[in-house]
Amino acid sequence: MATDAQQACFEAGIKFGSLYHQFAGTPVSPESARSLEAAMAAAIENQPYCEAVDVTVHDDRVADAVDHENGYTELTGSLMDVRMRIEYEGVTVRTRMAMTEGYPLMELVEVVDDGEPSRSGGADPSPDGDPNA
Amino acid sequence: MATDAQQACFEAGIKFGSLYHQFAGTPVSPESARSLEAAMAAAIENQPYCEAVDVTVHDDRVADAVDHENGYTELTGSLMDVRMRIEYEGVTVRTRMAMTEGYPLMELVEVVDDGEPSRSGGADPSPDGDPNA
Amino acid sequence: MATDAQQACFEAGIKFGSLYHQFAGTPVSPESARSLEAAMAAAIENQPYCEAVDVTVHDDRVADAVDHENGYTELTGSLMDVRMRIEYEGVTVRTRMAMTEGYPLMELVEVVDDGEPSRSGGADPSPDGDPNA
Amino acid sequence: MATDAQQACFEAGIKFGSLYHQFAGTPVSPESARSLEAAMAAAIENQPYCEAVDVTVHDDRVADAVDHENGYTELTGSLMDVRMRIEYEGVTVRTRMAMTEGYPLMELVEVVDDGEPSRSGGADPSPDGDPNA
């Protein structure tokens, strides 16, 4: 059988793929970014084992991407940061998506199984007042 | 050349297809319905010539569609009503999507070209305090 | 009432918005471009009044957009041309999406009502063996 | 650090969420089902570590879901089975989505780390000439 930690990581991945491919392509501007952040988080938090989702759409990047007269662009991974917390059978998985070398990388930040942390190198588990903590 | 009214109707159709196929499949529950309504409207209002979008996700239909233990369903046309107002070169187009004989039908409600109304039969142009008016 | 030509243009717009927002964001490479073209066309041809859809994903643009080591990119309007033919109550509408001044523009090419053409300026109605003709 | 097997399961989940939420809502009929199956598989196989994807859209279920005169329905998880094979740093993960108690369940079928199988209970790892094997 797959372990609970493996199942938890599988569930975490499902949420990331879901969020990205459901909302990529959505028309977005600085004016609509807040409502989109809220809807993305609330939608994915509906999914099983998904305890917290935090989406930040960067207005400065959106403004830079608005390269035509219409005043909006389409949502892509390069415009946002995402953090999630998954809880599955006592295992906590923290994940994030952020720009890494020009590419939006989805990554495991931390897998904690009954208090035994298994932390990925280089990633910030963000203990400081994070909504996903 | 296509007339301004034809162009306006083309633009109206683009917005409807965009809204539907961008957001269909989004996980939704009564708890997340409000944020989804807001994000859908704000996203599509970014598009050219789109002056107003009003989305109503019906909580009772969502609750009925939640047929498994996870507590959510996926957004489909049968769960929502949508109304939009498009303005193109002096032409105002009002459209709506609502359940008609069990199928979510997108339809032109009204095409008004410089004050000359061209109204579709049977549809309610909703003059009464509607956000799309 | 809206005219048949206006209804036809509304239907044409729905198809364009649907195609774009259903498939934008799909992982694509030169190797998968043919199957994606075929699926996009066949999917949208299911919709009412949609007689022909022709999608061309430009391999050279896809190759240029593959800017990371993974070998794929995500579908956007800048990577493809689309042409459609809609038939509604005797009205034929031809539309296309192509890059115009760096932006993928969806446009009406031709509206023909019972043999009375109403052609938009500057667009090529493609009389030459086009699958949408 | 997360283990290679956990990373592999995370990657497997991403692919499933991506496939589902990219393509859910696509208009589909028995006539367009084959091209959609092919495009879904080829698109997701572009993603990192994704070695094989097999999608089966069940024509009988599609036909049953076509409940209006237009002759098509929208793709949902209940209409298809999906199997995938992920390879990450020597770990092979097999996953599938199939209807379970009326709900399309995404699940880990097998996690094999350097030849040490970790098989989930009740799932068929499909040794018989499967394209994902």
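Brief remarks on what is shown
Letters A, B, C and D mark the chains in the order given here, with residues in each chain numbered from 1 onward.
Assume a residue touches a chain if its C-beta (ideal position, glycine included) is under 8 Å from a C-beta of that chain, and two chains touch if they have at least 3 such contacts.
From a predicted model like this one, the values you see are computed outputs, not experimental measurements.
Set side by side, C-D and B-C show the greater C-beta contact count at B-C. One inter-chain figure worth recording: chain C and chain D are separated by 28 Å, centre to centre, where each centre is the mean of the chain's CA atoms. With centres defined as mean CA coordinates, chain D is found 32 Å away from chain B. If you average the Cα atoms of chain B and of chain C, the two centres end up 22 Å apart.
Contact with two or more other chains is made by residues 18, 20-22, 25, 70 of chain A. If the chains shown are joined wherever they touch, the resulting network links each chain directly to all the rest.
Of all residues in chain C, only 20-21, 24-25, 67-68, 70, 74, 76, 101-103 touch chain A in the complex they form. Across the complex, chain B is touched by residues 1-3, 5-7, 9-22, 95, 106, 108, 110-111, 118-121 of chain C.
Only residues 18, 22-23, 25-29, 31-32, 35-36, 38-40, 42-48, 70-72 of chain B touch chain A when the two sit together in their complex.
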